[in-house]
Structures are given as C-alpha cells and as structure tokens.
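Right after this note come the structures.
The same subunit A turns up in both complexes below, where it pairs with subunit B and then with subunit C.
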Partner chain A sequence: MPSNMEIQRISATLGPPTGVREAPKVAKLIDTTTCIGCKACEVACQEWNDLQSEETSQFGTYQTLPDLTPNFWNLIRFNEHEEDGQFAWLMRKDQCMHCEDPGCLKACPAPGAIVQYNNGIVDFNQANCIGCGFCISGCPFDVPKINAKSGKVYKCTLCSDRVSVGLEPACIKACPTGCLQFGTKGNLLDIAQKRVEQLKSQGFKNAALYDPPGVGGTHVITILAYGDRPELYGGLPKNPKVPLYLGFMKTILRPLGNLLMLLGVVGAFAHFSRYGKREDKGE
Partner chain B sequence: MTNGWVDIGNTDVALVMGGNPAENHPCGFKWVIEAKKHRNAKLVVVDPRFNRTAAVADQFVQIRAGTDIAFLGGLINYALENKRYHEEYLKLYTNAPFIIKEGLKLPEEDGLFSGFDEKKKVYDKASWAYELDKEYAKVDPTLEHPRCVFQLLKKHYSRYTPEMVSKVTGCSVEAFKKVAEIITSTYTPDRAGTVIYALGWTHHSTGVQMIRAAAMMQLVLGNIGRPGGGMDALRGHSNIQGATDMNQTHTLPGYLKMPVPDWQTLKEFNEATTPKALRPNVMNYWQNTPKFMVSFLKAMYGRNATKENDFAYSYLPKMTGNHSYVYAFDDMYKGGVKGLVSFGMNPVNNLPNSAKTLAAMAKLDWMVMVENFENEGAIFWKAPKEMGGLPPEQVKTEVFQLPAANFAEKDGTFTNSARWLQWKYKAIEPPGQAKPDMEILARIFLKVRELYQKDGGKFPDPVLQLTWEYGNPLNPTSEEVAREINGKTSADQIDDKTKQVTLKAGQLVPGFGALKDDGTTACGNWLHSGCFNEAGNNAARRSTADPTGLGMYHNWGFSWPANRRVMYNRASADANGKPWDPKRAGIKWNGERWVGDVPDYKVDSDPKEGLGAFIMLGEGVAKLYAIDFAEGPFPEHYEAYEAPVENPFHPKVSANPTAKVMSTDKDVFGKADKFPIVCTTYRLTEHFHYWTKHIRRLNETQPEFFVEIPEDLAKEKGIKNEQLVKVSSARGTITGKAMVTKRIKSMMINGKKVYQIGFPIHWGFAGQSTGPLANLLTPTVLDANSSMPEYKTFLVNLEKA
Partner chain C sequence: MSDSQTVAGQAAEPMAMGDREDLIQGDVVVRHSLYVRVTHWCVALFFILAFLSGAALFSPRFYFLANIFGGGYSARQLHPWFSLLFSLGLFCLFLRWSSRMQWEAADSNWLKNFKRYMRYEEIPDVGKFNGGQKFFFWAACLGGLVLLLTGVVMWFPTSFPLWIRYLSYPLHELLFILFALAIIYHLYITLFALGGTLRAMTRGTVTKHWAQSHHPRWYRETSRKG
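And now, the complex of A and B:
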C-alpha cells in the first residue's frame, strides 16, 4: 500500500478523512466497442503483480477462466449475442469497479483492511484483513475473492503502486488498441461522451456509458454498445446498489452492536456481583 | 504492404478478408481502430468465421472458405456495372486501354483460358499476349475496343452477379450488395479504401489469384498508390518480410531471379531477367537489373569478382527445378535428401500432411536444428504414433540441436509488414550456450571453409573466395552486415556532367541509385540500400516528426525502397500532378519537382511528359490484365482441391487446373461423400505458432486445443460444449474439445447445405501444453505460382470421440 496517497476512508473506522492533500479523482475508461479480447491486460496484470498462474482449461469459450480468482484480478468476459439477425461477440474487461461509495469498505468489520484514497482507488490491506468475507456480500459486482490458503481477500488495486508514482496502471499500458485509457474522471467522461455520441450516430441507439449512480459512480467506467442491457456483457448488473443496511453499518449498526455487547457484558457482571453464583435449590 | 500500418489510419474503408488482424496483429490493428474513431472509417470483414476482427467491424459477411475470388469478382462486377469505378485513373494508370491479340479465349464456357495443355497441366500463354505495333502494345484510350483490357474485364466478370456470388459463397444477395456499396464507395477521388489480408488468402491453391483479384478491384476503384488505399498484406513473423527480401528458394536478395542452368553466363542471366519496355515513355526500372546483380556479386565475392570472371557469376548455384519447402520435403520423403540444416523452422508442425513430414525426416542421415525452444521439429522422433510418428528405433537420423538466441537476446533489424527496417537492441544475454544465428552461421561456414582448404573438393572456389571481412570473423556484428547490405564503392564515383567526385572509394552508397554494373559498387540487397549509409544507421532513427500529418514519419527507421512510405505514389495525383484528395496527398507536382512522400517516379519529370506512373513495369502502368501467373490473365473462381461441391461456374473444371499436387503414397485426398464438412485452420492471439506452448502465461490464457463447431452441426451430431470430438481427413485423425459456437453458420451452396468447422494450429507434442498436430489433416496441394499449400480449405468428417 503506497504511503504517499492520502486515505479518505477506512473500513470499520469512524471519523473524518485523515489526509489534508487534495487530488483529482482518477478513472479507467474501458471502451468495449474497441476491445479485441487480446488479453494483453490479463497478462500485464499478472506480470506486474507477480501473481501465480492459474490452472486453466478449455471450457468451450475463448474466456480464460469462468470467474475472477484471488490470483487473477482482471478477466475478459466473452459473450455471443444474437438478435434480429445481427450477431455480436461482446468482450468486456471485468475487474473491481472502484466504486465511489464502496460496499466492500462499508461491510468490512476489520479496521484498515479496506481503504479508499482521495483519488478514488479502493485498496485492500491484507495485513489487517480477518478473512470474514463480508466484503464479498457487500460488493454488488461479486469481485473480491478469498485465497483459501492465506484466508485473505484479493482484487484489482487499480495499480495503486504505479499510480502513486505517476504511472498508468499496467493493463492500460499494455492495451494495444487504446481501448483502455487512464486519467482524471472528468477528462474521461468527456472522451466517453463523445465516443457514445459517435456510436449512436453509427446506429447503436442504446450506446451508453456505464457509471452506475447506485454506488456513487465508479472509477472504472465502461462504454457499452448495448448500454440498455449491461447483463449481456457477462452479467454486469443493471442497477447496482450498495445494500441498504451497509449504509448504517459503520455509523449505527456496528456501534449499536458494540453497545449492546458491552451492555451485555456489563449486565452479566452486575448480575454476578449482585446475585453471586447460581445456587443449587433442593436436596 | 504497398502502404503501411500507420497509413491504415488514413483510410475510409478497410476491407479485411483472408486475414484476422485483431487476432494476429493486435498492435498494428490499432490503426484500423484509429481510422474508425477519427475518420468514421468503416471496417468490413468477409470471412468463413465471425472472428475477433469481426467483433469490432461495422459489417460482417460470412463466406465459404476458399470462395474469395467469387466474392471479389462480384465486387469488380458490381463496380463496373454500377459505374462505381475511377475512370480517369483506369485510363491513366492501368493497362485498361491495352489491346489483346485475337485468339484469347476466356473461361466462361468450360473453365479454361485458351492454350491449356491437358497433360502437362500448364498454359501456353502465346494467345494471352498484347497486340503489338512493332515492340509496343497497342492501346485504345477510349476503352471501347472489344479486345481492350477494360472490355475483356467487364466480359469476364459479367458472370459474377450478386446471385452467383450468393450461390458460390453462401452469403445472401442482400448482405453482398450492402458491403459492395460500402467497399465501392471509395471509387471517388476524395475517398480511399484499403484491403488488409494475410494467410487466409495465401494458403489456398488459388491464393495468388485471390490477391490478384483484390489488387484489380483496388485499381478499378483507384485506390493503389494513395494514402489510405493500397494492398496491405499482413506478414506473420517479426522479420518474415526481411527474410523474404533477402532470399527465397527462387530469388536472390532484392527479388532478383535465381539463376537456372539455361543461363550459364551473366550476359544470358541479364538478358533473360531484364524486362523490355512495352510502351514508349516508361522508366521500366528493372532495366537496372544488371547494376543490382553485379553489385550483389561484388558484395559476395569482392575482389574475387571481376569483369574477367563474369563477376564470379559461375559461383552461384543454378536452380534445377522447384526446390521450395514442400517440394524439398517431398524429395526427402523419396530418399533424395541426406541432411537438413534448419534455422527457426519447425517442419513437423508447419508443413501440410505431418505424417509424410515425419516419415521424410526419418530418412535423413543427419539434421541440424537451430532453435530457441525444443519444439517438435527438434525432437521429431518422439512424435507419438497417433500423430504419425514412427517407432524411434526406425529413425536413423543423427540430430544436432543448436540452441539459438531469442529475439530480445540479439540486435539487428526487423523489417515489418510496412517495409520499415527498424533497428532493435539486445536487451539481455542469451542463456547457457545459446548463440545468435549470425554467430552459428559464421562458425559453421568457417569450419566448412577450413575443410575445403585442407581437403580440397569438387568446386571449392565459391566457398574459398567468399568475402568474409569482419572484425571478428567468428561473430560478425549486425552493423557490419547492415553496411554490406547497404552497399559501398570500391572506386571513386565521378558525376558524368560535373566531373566531380560524388563518392570516394570505400564510402557507403546513399541508395540503389548509385549502383553500377562496372564492378565499382557492391551491394548485398539493392532494395534495402540506404538503410545504413554515410548518414548513419537509418534503421535506428526514431523521429516522430510528421509534417504531412499522414503518419509517414520519414525519419523513423528506413522504409524500402529508398525510404518511400507509400508505393506507386505517382498514381495518387491526376494527370497534372494535383492530388486526387488534397487532404491526403501522396506526392504532388510543385512546378519543378514532385514533393511529399519520396516519389516513386522520376523526381523532376513534368506531368506533361506523361512518363508511365508504375515505374517498375515494362507497361509503365499497373496490370489489370497480367500474364505472369499460371492460371490465366484474370482470376477465375476455382474450387479448393478438396471441395464439398462442384464448381457452380463450370462443374467439369472444378478445381484450379494448374494447381500442383504431390503424388507419393502418403499424398492422399478425400471426397465429399466420405468427408462432407469443410475445415479451415487458423491462429489465436494468445499463441504464436508452435513455440509459445513453452510459455506459462500464454498457456494460462489459452490452455488447450479445441474445435469450433456450428450450433446446428453440434446438435445434429449430439455434440455438447467441451465434449471430446474426432476430426478426420483422408490423411489422419485428431481429437480435441468441442467449442460449440454461433460464430460459424451453416450455408446453402448452390442448393446444398454445407457445414464449416475449424481449429487453431498451435499445438503438438512438445511444450508445457500438448495437443494434436493440426497439419496431420491438411493436404499437399499447392498454388502453382507460390508453391503454397492449401492449409485453409480441406474436407473432413466430425464425430464424438
């Protein structure tokens, strides 16, 4: 975890952001209409992060694995789609969306296991992770994966280490067609809007940018030709939201839970002091 | 490529056929994406499968594998019928006005042109010639003479109606017309289209004619010679272009012809290979052949090549027949080859009919395999029985394995598809005993020379007198060899007019324009001359200056010939030297000289003089009609050698009558009754040919061999995704997992339902990931011009394993 990126939010910790420096929000833009599924991004991610190779097998598709794994943080999902005699082979790069309002961070009970930097990147700190898996249920995109051996959770870091020294993420560097772009979210929104307009003029009436408001917007934004049906792209949820109860997790539920637990302990002690051990009644 | 990678970014329409650039050239393919994003260019893909390129295309049309000539002929007909052709361009820059002599018969009735010898399976081309007036061809500038090329072209392709295209290729008339409109839209001067292709065209018994047909279409549309236009051939290996530039079995460096026994003297060679002008007022640049040839001989034999000994021409071996790759192994199978030295070539995996290849290699006395990984060729005797392997005890070959340095472990140039020589630097030392090919060659050569010096031999001179003047003879540097290829003088060069010394003795020549046939210049490859001259290592330049804004980058690397970026660029401007499209100017006449790109033309020739635009040809103009090829002056649709139907145009002459067919006991072929399914082979992004199965990360992303099967065929045979299936041809059987897909559809061909399947080629018995040898199934039938095997269309049967 890089030390020179200001932390804006910390899991299971109340209180205001601790940093003072300002930073523009970054984003990764994925243009699925120019993705050729070459997997340079898959290999770049593995190589940069020195991840172990997964045991893979041919399961009837060009897709490398059925799902992300603790050792495989970004996956191109291949989907064949046919309608009205038109055929499309949809390819979407799937990885952590780096939500502005991250469900994983809100769900996490371990202080400091999940942090969000002021530039928007959401990072896991395995040193503080207790392996409970709450982040998995908190994530509307089913991204975090538990490593069975270490018991810790892993996901795309948006190359926080590279970004902290002014480099672009490894996947972006490797992408040969310019399908992946990195920069400030403001700039990329402009670029994306122009591209969506171009796609609409070419006949893709429902082309849209996927930047779901239900999670406060994301720092990984995706251009979809069939923007009205994100589920075609390997199960991208149409309207992802952070589960409602998580909104109250840190502020109300957990403190309430802690309070109840404290009261329970205090109450049990008070009772013991007052009444002593339970006595046997009867011969 | 006539144009280039970056130039693709200048196009309005990119037609991709016989190639899959998104799959196999993902980096170069970004230029197609750039054109789409920044110029609203249209990408049209016409292919037997919906592939990764089709995934980002504006239009996709599926055609039956091997029917590309029918489709392209249909496009030519569509352009001519609908007056969507660039008439001025045709009149100025092609042989459309040329008149053909009486007696030419077109193949409309029986599938044959005039002059076919049934027994020898070759044409007597006498009836194909131009009608001459003394030594020049007669022309009709109005294009109306019934025997002028333009009228013959119209007549020949009039049979290629949209309905006929649909019948032969299986695409719908509607789909054909839709893409025909888009593709032919580039006929106007302000629009330009390019054709991008690769082995999906070359790997057919009619491959050369497929490419021809596309080039003709591009001429009809006026797209050759212009930025954003051209014929953009995709080469495979990083330096395959450099390799073919330097030498093929039938060519010397720079595409000079390989001598044959009929040409015993240099004079006979020059006479036979130097073309004659066929029109007045043409440059006929190949008339400089003697300069290139003598300079080449001087590079080879230096001081030992003199006027007195015919510049050592007699030291060159004379080619006694076709000894290209498939022929050589056919010879080997017949016991005619003792030894093989193979540099980075894997015959077991890349030749058709692997069982024959394995049997052939077993007959060698010895073999030297120079390789970066221990691939199938290097351990051919370990081939399993089911892959056609012989029992190892039956293999008597003595094998020498020499580990070679990989691409990042040595420096030198790669010449890419765009003809750019780009210098690359060594990044890391080769491991263990691995050495660069240059060093391996040098050591072998010097040892052989030593033996000749000691023991003599039948004809030692070519070996003993070869120039080998390097700082360290055992390991020449790439710079030294690059300078040899560039060329230098051995005597002061004096300008005829000014009498000044333009080059001193021993200086590097600026380019091939300085080459002489008097023995005072030496040049290893005239085409590459200019790559490393007195200005320095031009292949190592990396300037991103782009004053034209068209991505020419004249100071990035060195583009042959003469650093020209777009070839045939005189045709990018009209008769007055004004560019057809001022926003994409190739060259233009500024009143005194041609400026822009390096002119493919005499730089100070006033357009009023009307010097022929295509300077390398005796006609001075591009050949819509050409007699250079085996099959005929115009491409005609012929079925693949193993085809599911008879040729709908002329069933009696179904396949290419001139195709070369190998004929040993192992060269067996199948028919549609037993093998009803069309099969094709192809590549995957994640792998490169056969050696990436040694690489962990690539095996991770594409782990196993598979067979792509259309949904309805899978249903018919009860095959589910991931189930093991057997694919068999007349030559063998392979087993693999099924990938049931919507991306290949069944087709109706002339009323018959035809299925197509396909599989990738990358597997074999060596490496971390093993699988079947794709080429166990492919046939030994070759294109008559290129000797290229028909890997891309053959007949198979499919069943559950």
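And now, the complex of A and C:
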C-alpha cells in the first residue's frame, strides 16, 4: 500500500482522516467495443503484481478462468451473443470497479484493512485484513476473493503503487488496441461520451457508459454497445447498489446497540443504588 | 446473613455432587446438580469468549477486545469455534431443562409481577424456575439457534445466496445486542442483586430461606419429598 497518497476513507474507523493535499479523481476507461480479447492486460496484471498462475478448467470458452480468484484480479469475460442473426463476442474486463461509495469498505470491521484514497482508488491492506469475508457480501460486483490458505482477501488495487508515482496501471500499459485508458475521471467521461455517440451513430442505439450511480459512480467505467443490457456482459448488474443492510447496521443498529448496552450497565448501577442487595428473610 | 456466617457455612457444607438435585441436605437445598453446573459454566465460558471476540467485530469501539485473542485475525479465526462450543453447551442445557421450563399460568403471573420482583417483593407460587428464568431460557435457546444459523452463513458466505447473507448479517448483530442486554441483566441479578443466588451455580445448593423466599412452590414440593 503506497503511503504517498492521501486517504479519504478508512474501514472501521470513526471520523474521516485528515488530509490537506488534493488529488484529481482518477479513472480507468474500458471500451468493450474495441477489446479483442488478447488478454495482454491479464498477463500484465499477473506480472506486475507478481501473482501466481492459477490452474483453470475447460468450460467451453476462451475465458482464462471461470471467475476472479485471490491470485487473478483482472479477468476478461468472453460472452457469446447472438442478435438479429448476428454473432457478437462481448468482452468485458471484470475487476474491482473502485466504487466512489465502496460497499466493501462499509462492510469491513477491521480498522485500516480497506482504504479509499482521495483520488478514488479503493485498496485492501492485507496486513490489517482479518479474513472475515464481510467485504465479499458487501461488494455489489462480487469482486473480493478470499485466499483459503492465508485467510486474506485480495482484489485489483488499480495499481495504486504505480499510480502513486505517476504511472498508469499495468493493464493500461499492456493494452494493444487502446481500449483501456487511464486518466482523470473528468477527461475520460468526455472521451467516453464521444465514443458512445459514435457507437450510436454506427447503429448501436443503446450504447452507454456504465458508471452506476447506485454505488456513487465508479472509478472503472465501461463503454457497452448494449448499454441497456449490462447483464449480457458476464452478469454485470443493471443497477448495483451498496447493500441496504450495511447502512442499517452502521447508522442504526450499532449505535443503538452501543447505547442500549451502556443504558443496561447504567440501569444496573442505578438499581443497585436504589435497592441494594436482596437478602433472604429469616436469617 | 452476614459475611462471616457465609464463610463459616461454606466450610461446613459439602458441595452437591453427583446428578441428584431438588432435595434437602441438612440446612441447604440442592438446586443444581454437578452436571448442570459444569454445563452451565462451559456455556458461560464459551459465551464470554464468543461474545468478546464477536464484540471486536461488531463495532470499531470494541475492536480493542480483539487483543485478548491475539489480534483481529485470530479473534476472527477463533470466534466460530467458540460459538460452536457455546451452541453445543446450550444444546446440552436445552436437553436437560426443556421439560422443566414448560410454561405455566404461574409464569405469566410472575412476568406481570416483574416490577414487584425488581423491588425485591416476594412473588407467591414460584416453582423451581420463575417466569423470568423460563423466558430467559427459551429466548437464549431460540436466540442461540438464530446466532448459529446466521453465523454459519457468515462463516461460509460464498456458499449462500445473497439475500440470505443480507439477512444474516443484521440478524446476527441484532441477536448480539439482545444477548448483550440479557447477559448484563443475568450477571447483575445473579452476582450483585440477589444475595445467596450465585452459590446455586457454584456449590449447587441454596439455603432453605433462599428457597422459600425465591421459589416457594419448589421448596414446598422438595420438602414434601423429604
């Protein structure tokens, strides 16, 4: 975890961290319409993050693995799609979306195990991770994966170590078609908008940018030719939301519980002050 | 009863051994058999361990409790095992006590008189267990079951569909709060408020006066047996 980026949010920590430096919000733009499925980004991710290769299984596609794993943070999902007698291969880069409102961070009970930098990157700190897996259920995209041996959870860091020293993420560097771009989110939104317009004029009427508002927008944004049906792209949720139970527990249940427990102890003291100890009669 | 008499009495009275209970032994009445006491303290031990390791994960305000177990990681690793042993002990108590904890009209009456009970007034017609104890017992059994089921979901989250997980997390925490409140009451009432009560779970016996005052019907039935 790089220390030269300002932290915006810390898991299981009361109050916001202090910070004086401002940073532009970064983003990764994925244009699924120009992805050729070469998997260079997968290799670059494995190389840069020094991840062990995983044994895969044959399940009838060119997709590297059935799902993300603790050692595989960047998976191109190969989806075959037929419409109006036409075949299309819908590639989608599955990875951490780096939500502006991260459900994983909200769910995490371990102080400092998940942080969000003020440039928008959400990062796991395995040294503080206790392996409870709460983040797995808190994530609307089913991204964090627990390593069964170490009991720690892993996911894409958006190459926070590279970004912190002014480099782009490894996958961006490796992409041969330019379907992956990295920059400030403002700039990339403009580029994405132009590309979406272009796609619409080319006949993809429902082309759209996937930047779901239910999680406050994401710092990994995806251009979809069939933007009205994101689920075609390997089960991308149409309207992902931070699960409601997290807010309920954080803002209602836990403060209420703490208050009631405190009142219980105070009540016991008050009762003892008023009534003292009950002794048996007749002795 | 003064402290010196308690100490003197303690030396003279034997602990209730074996599996016999509900009988009069000299000046005291055997209330809980050795089996019940050992089971109860096992449940208590694993409850405290599960409670403290769970509290660390409940709220950042209690995260410091994880240090008791060697840090957050080991607290998380140990918590489910403490909880399984707690559940097992609770199940043993359930097998032992469920028949004795059947709800009666007198128990509803006791609950109605709860305020008087807390003002240390004597409630008539109380058997071996009063309405509060029975309520506590059934609530603990039901709550323990819900904690176990939701806990298994939280232990192996990826084996369950999302909606079950979304229910399990808040339910587990709600039960944690209810158990916390129940245990504050249970500890206060047995350790501090009601004199002569703790010995029922340590030595297994209570004084005749205590039995008459707290559980008059139980005392009558026990003395009739002889």
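Everything that follows uses one rule, which is that the second predicted complex is superposed on the first by the 247 of 283 C-alpha atoms of A that agree within 3 Å, B and C clash if a C-alpha of one lies under 4 Å from a C-alpha of the other, contacts with A are read in each partner's own complex, and residues count from 1 in each chain.
Definition applied: a residue touches a chain if its C-beta (ideal position, glycine included) is under 8 Å from a C-beta of that chain, and two chains touch if they have at least 3 such contacts.
These figures come from a predicted structure and were not determined experimentally.
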item: Contacts of A:F134 with subunit B and subunit C, given as first, second, both or neither; value: second
item: Partner chain in contact with A:S164 - subunit B first, subunit C second, else both or neither; value: neither
item: First (subunit B), second (subunit C), both or neither touched by A:Q58; value: first
item: Partner chain in contact with A:N125 - subunit B first, subunit C second, else both or neither; value: neither
item: First, second, both or neither for A:G37, with subunit B first and subunit C second; value: first
item: Contacts of A:A88 with subunit B and subunit C, given as first, second, both or neither; value: first
item: Which of subunit B and subunit C A:T177 touches, first, second, both or neither; value: first
item: Interfacial residue positions of subunit A with respect to subunit C in the complex; value: 12-14, 107, 109-111, 128-134, 136-137, 151, 243-245, 248-249, 253-254, 256-258, 260-261, 264-265, 268, 271-272, 275, 277-283
item: Subunit A - residues contacting subunit B, complex; value: 33-40, 42-43, 46-47, 53-54, 56-62, 64, 80, 82, 87-91, 176-179, 195, 198, 202
item: Residue ranges of subunit C in contact with subunit A within the complex; value: 1, 5, 56-61, 63, 66, 71-73, 75-77, 118-120, 154, 157-158, 162, 165-167, 169-170, 173-174, 176-177, 180-181, 184-185, 188, 192-196, 207, 209-210, 212-213
item: Complex contacts: residues of subunit B adjacent to subunit A; value: 22-23, 26-27, 29-30, 33-34, 36-37, 40, 50, 52-56, 58, 60, 685-686, 696-706, 721-722, 737-743
